[in-house]
Amino acid sequence: MGNEELIVKLQELFPAASIIQGNDWPEISFESGADFLSTIDVLKSDQTLAFDYLFCETCVDWKTHFTMVYHLDSTRFRHNIVLKYKLDRETPEIDSLSFVYRTSEQHEREIFDLFGIIFKGHPNLKRILLTEDWVGYPLRKDYDDPINMIKL
Amino acid sequence: MDVIITEPSTPFPGSVHEVPGGGIVLSTLDDVINWARSNSLWPLVFGTSCCAIEMMSAASAKYDFSRFGFEVARATPRQADVIIIAGTIVNKMAPVLKRLFDQMPDPKYVIAMGACATSGGPFFYNTYSVVKGADHVIPVDVYVAGCPPRPEALLHALITLQEKIKSGLTRDQIRAQFQEDGK
Amino acid sequence: MFSFQNMTQEIHSWLSSLMSETFVMLVEMTIVGILAIALFAFLGLVLVYMERKVAAVIQLRKGPNRVGPFGIFQTSADTLKLVLKEGFMPDNVDKFLYKLAPFVVMITAMLILAPIPFAKGVQIWDINIGVFYLTAISSISVIGILMAGWASNNKYSLLGAMRSGAQIVSYELSAGMAVLSIVVLTGSLNLGDIIASQEDGWWIFKGHIPAWIAFIIYIIAVTAETNRAPFDMAEAESELTGGFHTEYAGMRFALFFLAEYINIFIVCAIGAILFFGGWMPFHIGSWTAFNHVMDFIPSFMWFFGKTFFLIFLIMWFRWTFPRLRVDQLLNLEWKYLLPISIFNLLLMTLVAIKGWHF
Amino acid sequence: MISFLKTYFTEVFQAIKSLLSGMKLTGYYFTHPKNIITEEYPDNRATLKMADRFRGEVIMTHDEKNEHACTGCSACELACPNGTIKIINKFEINAEGKKKKAIDAFVYHLELCTMCNLCIVACPTDAIKMSPNFEHSVYDRRLLTKQLNHEGSKIREGVE
Amino acid sequence: MFEEIKTSNDGELVINVGPQHPATHGVLHLLITLNGETITKLEPNLGYIHRSIEKMCESLSYRQFIYSTSRMDYLSSHMNNHACAMIVEKGLQVEIPERAEVIRVLISELTRLASHQLWWGAMAMDLGALSPFFYSFREREVITDIMEETCGARLTMNYIVPGGLMADIHPNFVKRVKDFIIQFNSKIDEYDQLVTGNIIFQNRMKNVGYLSPEDAISYGTTGPVARGSGVSCDIRKLYPYSAYNKVKFEEILETGGDSFARYLVRIKEMKQSISIIEQLIDNIPEGDFQAKTKAVLKLPKGEFYQRVETARGELGVYLVSEGGTTPYRIKFRSPGFSNLSALNHMVKGHKIGDLVAIMGTLDLVIPDIDR
């Protein structure tokens, strides 16, 4: 499915979401509070979409809020979309996808480690890259570590 | 400081004392011990990143550090003599490195290979998790610059370490010597 | 052919003329003991050097060449360094067993040297159940490895030791069968008799195909028994870091290291004795002139030549093959080697009864 | 039974054959030592020639009059991703009484340098270049911090 | 090594493999639970080489951040640089001279060859055969020499700048690459003779570490790991970039899904790389090696994503720009990170020896995982 068709199709499925054409792929954004798991379920199980491959999962700190960014690919149709989900900065919480896409189990641990996003329903949510006793979430924009970080 | 490599192969320490019918090699026990130690540096299999690949290249047929007797790479620190820190040391790895060093029996030597192990290198500024030089964790005998140093540079470092062992001086003595030279 | 028997007899009679019989025995035992230890150390150095050079040439590189001419002092430097290393004892080890283990392994290796005839008339102990003695003693070394693995208080060591236990116990069977097939041919357990029976040709040539099968099984089984790659389950560097000797350092590690190489020497010596006639020169049946020429080469040269050929074979295996997995290792023994060797033993018995061998 | 024995023995023979083919290769190399490709490094130092683009360290070229081409514009300092280069400038008063910027010290941290070549690309006057020297082993890491401009050197005439 | 004696009541033994362990190819820490010799559970513990490259790139300019990505997956450093350069070029909308594109692909394929050769040697070494390592390095050294001559470094080349290449190819490049192809074609049979056909090796590899196609997709595995399970995922083929649409090559797919299939994929990929190099080496177009770019690069506000196929699989670079001279946020989707997540699934019920074999065929580069 081409990008234009995808946008039309997605708009039918998710009238509440805002869908724009990004630099490469359609970007579909949800405000915080939207039912995330059912969205993913539709995207994965719909026969014309079949987004079965999550190839990138990350988070961006916009200082006022977080945005979870999911890049989805369909191994059957080879079309991609970018899924964005806005998160509250004070209590960043989102449903875990680790039972939908197994790969996200590790990606979510990494995001928890570096951004402090809580993934509800994650089987093993603990720090993965940093030590257990690390204080703070280093990829947040307000993170500062005067001891380890030497600024140029 | 330049390390001058003169002899093509390592001679047994001491001088030949000419007596009728031949010669006797005279040597002190210390020299013999240092000779043995310097010619039998078994490295620990320890590579964290890019420099480990160049360390593997140094072991490969083209550069072949087995010529010096270094090829007996031990996987267990108990049997190793020299730890080549090939790669970045991060805060999470630092206690492990310290522990590995403590597990090695004396005499033990450390080579900091590459910019990361020497000073943090490319990850010196604006990183939150990198140890800025392995010598913050364990004492280092020889530093090699380069990112990563080519295999010959590692061989050069190993020869430099051999020279140091043969001289029988400690790290502090050598550093004090340089400071005197500098003034 | 030159025999060392005259020489030893002369020494004996000279000593007897000097002192009483008890002292003669004591002095002789001391001399033999010192010689055995010296041989032990020397063989260790030579074999380690040989291994490193063989590996180097196979792997397209030069190998040790900077310590002494052609690097021949490399292994001496290594040994000296290991001896001078800090005597290290980790916490929480079983101190007694930890210290004892390397000695058990080494003493076992040295005990097996006793009945081996190194040349015509050079044999420490001419025992009439030589083959039986060898197989019995060689199985003790596994106890040392198990001890080391248990005492080290390290899980890698324990796994390595357990693997080694399973491995050596199984492979001893087929090694024993292979040895037995030659005993069946010779009809004697005495190593001297076995060598003497090969005066008109070695068993590997006289014994038809069963002898070849026995030889192949023997080589595979002893490679496994000495914990050499491709059967180095007990050490398995990429799996268990160092296996049973993970926690050993310095001198104690050197003893394990030496014992491994002495074990190789011993099994290869036994292989040479059983299949290649030990110190017996290359003789062909009734070609007296040819046999006479062959006799000019000293007997110890024949013995060491054959042994080192077999050692080279084992080293060749090591630098060619990947390691087996532990269950495949046991599969190989129980599903392939053991049935074949039992069948081969029967075949060999048939050959011996019917006199089909040359 | 017969078919079992047949597969059993073909298996055994196939296995031995595959092992022998491996041994043939290693045996070939063992018997043909001319395949050895070892370059003996410290002994071949005289003949060892690095590739001309090989990046071993940054050097500043000085001519026979002890003059260099560095204007102290610090383009390299800005281009460097990890602060390897520090330029300390001074102001010289030349013959006409004009103040002119010149370098006092071109400090180069070899221990930080990753040989990325960005400084060389950035340099407008080709004052610095990469040297193929790679023998940088030292006992003390302070020795790796170098001053690239020679003692008493000054900027070449006409370089702006 | 961490050694803690931890035994549960049902006789299971917990072993720490790593961070310093010869089979982990670096500093990976695996917590494995053993029942006898059989692995019942595996949990990777990462971060022993987490160098905060993503944070660091947020303060580096668009010219500077490229070099730091060489240190991520150092065995395919050129491809990492390529991805980063392409994302900057995409943002700037610069046309790259054709010559530069072809040379980029040529060096990429040489890097892939070098990486696969190192993998072949290291994997054989993990399985206990030491000589293949030396044979594979013999060819690899030729490649690194070619790289050194053209790019100036052996491993972390930093040959790519936004807009093209740092320098033109060396005059000897074409000849030396051709010589290398001849030499390599005569040696590749040795690989099969020594390792592929070996009965011990086949027994160690076949039916070990099975990964079904569904799992391969779900775990997000890419590169030879997924292609060994029959999942088509070659970015070069599916989303051609650079000069890959000008060359003909096959995407290698094996359906076995076990370690041996992954092994075969890499061996056959080496031959495909050679074929790509053969097609391009005589057809390097004349022209500039660099497009004109400004001294200070500024990307427009927006989000960019670029996927490339490295030797280990799909590398994705996700870059968020706020219009400044430095990236606002950059995320590297590294192939190893996802491939590693399938390890627990693959090793369950296998022996310790299999763990080493499976990790060998995953071809992990730990700094690539930890970044």
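Read from first to last, the chains carry the letters A, B, C, D and E; within each, the first residue is number 1.
The rule is short, and it goes like this: a residue touches a chain if its C-beta (ideal position, glycine included) is under 8 Å from a C-beta of that chain, and two chains touch if they have at least 3 such contacts.
Quick caveat: nothing in here was measured; it's all calculated off a predicted structure.
Common neighbours of chain B and chain E, by the contact definition above: A, C, D. The minimum number of touch steps linking chain A to chain B comes to 1.
When every chain is reduced to the mean of its CA atoms, the largest separation from chain A belongs to C. Each chain gets one centre point, the mean of its Cα atoms, and the points for chain C and chain E are 45 Å apart.
Chain B and chain D have Cα centroids lying 20 Å from one another.
For this pair, chain A with chain D, the centres built from the Cα atoms lie 41 Å apart.
Work out the mean CA point of chain A and of chain C, and you get 63 Å between them. Residue positions of chain C touching 2 or more other chains: 58-62, 237-238, 241, 319-321. Residues of chain D found to touch two or more other chains are 19, 22, 25-26, 36-38, 40, 81-83, 114-115.
Multi-chain contact residues of chain A (touching two or more other chains): 129-131, 138, 151-152.
Counting only pairs that meet the touch rule, the chains in contact are A-B, A-E, B-C, B-D, B-E, C-D, C-E, D-E. Interface residues of chain C, counted against chain E in their complex, comprise 55, 58-61, 153-156, 159, 163, 229-230, 232, 236-241, 319-328.
Considering their complex, residues 129-131, 138, 143, 145, 148-152 of chain A touch chain B. The part of chain D that touches chain E in the complex is made up of residues 14-15, 18-19, 21-22, 24-26, 37, 51-55, 79, 81, 114-118, 121, 130.
For chain E in complex with chain C, the touching residues are 1, 3, 5, 13, 15, 21-23, 37, 124-131, 133-135, 138, 194-195, 198, 200-201, 203-204, 351-356. Of all residues in chain C, those touching chain D in their complex are 54, 57-62, 316-317, 319-321, 336, 340.
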